[in-house]
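Next come two complexes, and both contain chain A; in the first it sits with chain B, in the second with chain C.
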Partner chain A sequence: MSRAELVSKSAKRERTILQTLAYIGLGIFFLWTTLPLLVMVLSSMKQMRDAFEIPAVGDWSGAFMKMFDFTPTLVHYHDLFVEKGFSTYIVNSVVAATTASVISVFLGALAAYGLSRGRIKGDKHLSFWILSSRMAPVVAVMVPLYAIFAGMGLLEPDRTRNMVALILAYTTFDLPFAVWFLRTFFEDIPLGVEEAAKLDGCSNLQAFVKVVLPLAVPGIAAALILCLVFSWNDYMFASIFGQQGAKTLPVATAELHSTVSIQWGRIMASGTILITPMIFLGVLVKKYMVQGMTSGAVRD
Partner chain B sequence: MTYPIDETIQTPLPADQGASWFKGLFARIKGALSFDLWLMMPTIIVLAIITIYPFFWMLVMSFKEVAMDPGQEDIWIGLYNYIRLFDDESFLNGVKLLIWYFFLCLSIEMFLGLGVAILVNKAKFENFFTIIFIMPMMVAPIVVGYLFRFLYNVSFGWGFWFLKSSGLIAGDTILANAQPWLLPFMPSMAFMAVVMADVWEWTPLIMLIVLAGLKAVPQDQLEAARVDGAGPIRTFFEVTLPNIKGVLLIALVVRFMDNVRMIDLIYVLTKGGPADTTKILPFYLYNVSFKYFEFGRGAAIGFILLVFTIIVSMFLVNVVFKKKETTNNV
Partner chain C sequence: MAGVKLKNICKRYGGGDVDAVSDLSLECKDKEFFALLGPSGCGKSSTLRMIAGLEEISKGEIYIDNQVVNEVEPKDRDIAMVFETYALYPNKKVRANMAFPLRVGKKKYSDAEIKERVAKAAEILEITDFLDRYPKQLSGGQKQRVAIGRAIVREPKVFLLDEPISHLDAKLRTHMRSELKLLQRTLGTTMIYVTHDQMEAMGMADRIAIMNYGMLQQVGTPDEIFNHPANLFVAGFVGDPPMNFINCLLEVSKDNCQLINESFKIKLTQDMLDRYNKKNGNSPAKSIDVVMGVRPESFILTEKEGTENSFPAEVLVTEPLGEEMVVDVKIPENKNDLKIKVSVDRDIKAGDKIWLDLNKDKMHLFDRKTEKALLNVRRWKK
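Now for the complex of A and B:
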């Protein structure tokens, strides 16, 4: 046997061992990711006495029984909708998040296209400024925004006014995101495409709307969905600006936790309601997730 | 001699015809900016209102003692809001904890994320695993907070039960009593509890980013390493790692920016307690502004935080986006 064969044989054995270890590692990370979610979903369907049952310390074998042995109930969900009026909060969440996303993606697409063609002087500075507005700590932005909104009368306890405040607040992080995310999509569309359209007699605007925009539809859809996720998940802005008139789902969830008690069953139920649609959307845009979360710095 | 001027501007203005005078005005306005800039205008205006105005508002506010009661006047106090931060123990504590927070979150997430990405890259059901692993990212931070608070509970938390059963904590509460050998690696157990919740939610992001990087490692280089008889470990250090350096840096920047931005998790999980052990700077800022309503002092802290983030990110973004052109044509 030659030396090269020996080496490749040991490399082969190394490979099998590593592969086994790899699947064990993946299994552990799989459990670490899913078990907390499983506990949440199961606890939302348990009576409180069942939800508070955990095995004795060190009783590994009893754990499975304690987790799955219960009679499922939808009482917490029922309470949320009937007693707590959660349907209103869901509507608030959907309206605020959708409107902010649509506005942001619409304006963002225009700006992103303008930036992507590289015909603007100082576009680097411009785009860094746009990104930097998304880096600001939420709390730091909140005080000045509070003053502005109060001045505009948007913080009166009134649903429409609060909703407008919320939508504006969400735009502060959705719009810069949309610009940065969509810019990379437009950059990928070759200049030749629109130049051909212009030779055929299209104006700048027509070339953009009729030729470039349709090519960017997947990116626009992905941007819309990711903006939706960001706005839907926001708590800090919603708790300050929408508290009175336009309570959103995260704020309503936090209110189930008062100084007197934490209503765990309802919180778990409300958490499940909050995350289910978002996970669904997340899977839908899985392909664009990396690009989205890195503002276009990494492309898949 | 002709000058390269936009034709629309050269249109002569017949002063005696109203309609075409308007047309000319319109053309002038249109010609004042390029088409690209016109498209950008709405965004620039909106962002100016919601970013530049608050920025200056914050700057001015930070030089004032803001009146608490209506009818009182704000008092101009110059740099006092900044100077007194040096005597403010909570502020200094917040800075220290913020640095700890970066260090722990980023190092654990980078290490884990890199590991899992490598495993997923080689695994059979890659698509399935990625779908499962991106779920935590979609969960609202506030829900992560409640979920982990539930899991950490001493009397009914599954997480507490697990930590206790596996011997990682010695005492009867999760907030104190880490095993002594763990102590040099963290400010407190409560702090670690917050970090772990952050790790749960955001490790998948690092994983996804690194995974995209791994896909872009040139196949011929990997092939060459294999032909030379290099095992997987050597291949990783000599071929893969140099190729994904740029992507790792991007992952770092993205997490860094979000770590300062968001405090939802701490707000739900610990509210900065017990005894200020988890009151990182952004959360202290929240307290100053929205609990003590000291807007002037809050503005000073916010301003410092903002400038700090922008400087660090500017540096990192420059490094990253320069790198992008050369190394990262993913």
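Now for the complex of A and C:
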């Protein structure tokens, strides 16, 4: 066997080992992240006694088998909707998150486009400043926002008022993100394409709507989804501004855990309802983020 | 169809203190193939972009079809442009790319008419087979054709082309030169073509404007540019290999005139003297510093000492290029080596001692201070 062959063989072996290690690492990570979700989903469909059944000491395979050994029930879901009025909370969550995200992405797209075209003096500083407003911890803005909203009468126990407060609060956090996120997308759209559109007969607005915007769709979709995720998952704003009139899903879930009792079954069911749409959105956003729509536009 | 006129155009980019284009006046006639030629950064692209309306004009006026268009939006100028980067719409198929100007333009076209126009343009450019592909599925040459197709469907007043073929490979570029010229003749549209490649400008254009540092150097037909360069820059920019420059002293007396250099003494003929005087006025007897310009093909190369004007040189390198051979020679006391073009069957190799003479009819003289031409090649009556 020649020396070159030996070298290539040892390099190959090294690669195989590294690959195996990578797969083991990924496997552990996969279990680490998905196992709690699995337990949550399964527990949401178990009676309390099934959920809390403890296997004998040292009975590992039994522990695993027991996880799946139960009679599925939807009683917790039934309780949530019938007794606890969760459908209202879901509607609150959906309306607040969607409205704030749409507003943020619409305004964010316009701002990001303006910042991406290099016609504004100090645009780099401006975009960093916009982003930095997102870096502040939520609690830092909570007090001033509370004062402002209280002054505006948005904190009265009224569904519409509280909803407006929530939407405004989410927008203050989603908008900077949308601007910053979309700016990079617009920057990737070559200026030449826009100029070509103008010479082809488009006005500035037409060039933006007919040529630039379609190319930015993946970015806009991704930004919209991420804003939705942020707003949907929020607890802090909702617990303070929405508590009375516009309770959202995370707040309602937290209330199932009271000083008197911890309603594990319902908490698990509510958690499942909370994360299911987020998982779908996560898969969607991945699709858009990967897509490179501008490839082939100009000579590379 | 329309002509384009530039009157005292200046362009200064924000914050800069140098004019990208300074005091440029040009006139491109109706149905003319007009080239803007110059090295990168000379202001030719800025000029084109001002004509297109993509760049604001700092000073001066631009006329299209005798109307000032300074404040007219690009979309209302009725011009089409082919970009260096092609700038195709990546999310649209070729067909939609070509139809786009017809769909968004001021003039409305029926679907049937759009279809017909796109089909016709595609046929001219031989891209009918690619109509249902996306730009990213096309090669550079095909993308470039689509970009041209998008420009011609609308039959605009003026075509602007910004280095449209500079990124194609050499063979395709040569092919596209003649195609574009033919296309311009077929369409009969005014075309303004920006390029840094003198071969493109010389081969395609009816007239060429040469620019450098934002300033117009010369406007003329390829023949005028090549044979009667207005200054040292134009002379050195056009021609491949470029013109050879040799610093000399021009001694002018009443009826005698000679070029003197450490290596040679060349007497100007009566005809040259007449042309010199005609161009520069009867100059008083004096000596002036000049640059002699001789194109590589205007040298006469001999193995033995020839006429009284010939001078010795040494061959440094030979570059055989098929039919011709470029010979680099060194003449004593001259800083720059000369490039000389001879037939490839001449038996010359590195290290040979040779004698050079030159075709005086083809000699150029430039003032060393002002760099302006004092004498150009003799013009033969056709």
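Keep in mind that, in the parts below, the second predicted complex is superposed on the first by the 272 of 300 C-alpha atoms of A that agree within 3 Å, B and C clash if a C-alpha of one lies under 4 Å from a C-alpha of the other, contacts with A are read in each partner's own complex, and residues count from 1 in each chain.
The rule we apply is simple: a contact is a pair of C-beta atoms (placed from the backbone, for glycine too) under 8 Å apart; a residue touches a chain by one contact, two chains touch by 3 or more.
No experiment lies behind these values; they were computed from the predicted model shown.
Of the two partner chains placed by superposition, only chain C is touched by A:Pro190; chain B is not.
By the touch criterion defined above, A:Leu215 lies against chain C but remains apart from chain B after alignment on the C-alpha atoms of chain A. In the superposition on chain A, A:Thr253 makes contact with chain B only, while chain C stays out of contact range. In the superposition on chain A, contact of A:Val57 is made with chain B only, not with chain C.
When the two complexes are superposed, the chain touching more residues of chain A, out of chain B and chain C, is B. Of the two partner chains placed by the overlay, neither chain B nor chain C lies in contact with A:Gly122. Judged by the touch definition given at the top, the superposed model places A:Gly151 against neither chain B nor chain C. Residue contacts after overlaying the shared chain place A:Gly201 against chain C, while chain B stays out of touching range. Touching of chain A by both chain B and chain C, each in its own complex, is seen for residues 293-295, 297-299.
Within the complex formed with chain C, the residues of chain A that make contact are 190, 192-193, 195-203, 206, 210-211, 214-215, 293-299. The touching residues of chain B, counted against chain A in their complex, run 34-40, 42-44, 46-47, 50-51, 53-55, 57-58, 61, 112, 115-116, 118-120, 122-123, 129-143, 146-148, 150-151, 155-159, 161, 164-165, 200, 204-205, 208-209, 211-213, 215, 229-233, 247, 250-251, 253-254, 257, 260-264, 267-268, 282-283, 285-286, 289-290, 295, 298-299, 301-303, 305-306, 309-310, 313-314, 317, 320-321, 324, 328, 330. By the touch criterion given at the top, residues 52-54, 73-75, 79-81, 83-91, 100-101, 104-106, 134-138, 140, 143, 150, 154, 167 of chain C touch chain A in their complex.
Of all residues in chain A, those touching chain B in their complex are 4, 7-8, 10-11, 14-15, 18-19, 22-23, 25-26, 29-30, 32-37, 39-40, 43, 51-55, 57-60, 63, 67, 107-108, 110-111, 113-115, 117, 119-120, 126, 128-145, 147-148, 168, 171-172, 175-176, 179, 204-205, 208, 229, 232-236, 240, 250, 253-254, 257, 264, 267-268, 271, 274-275, 278-279, 281-283, 286, 289-290, 293-295, 297-300.
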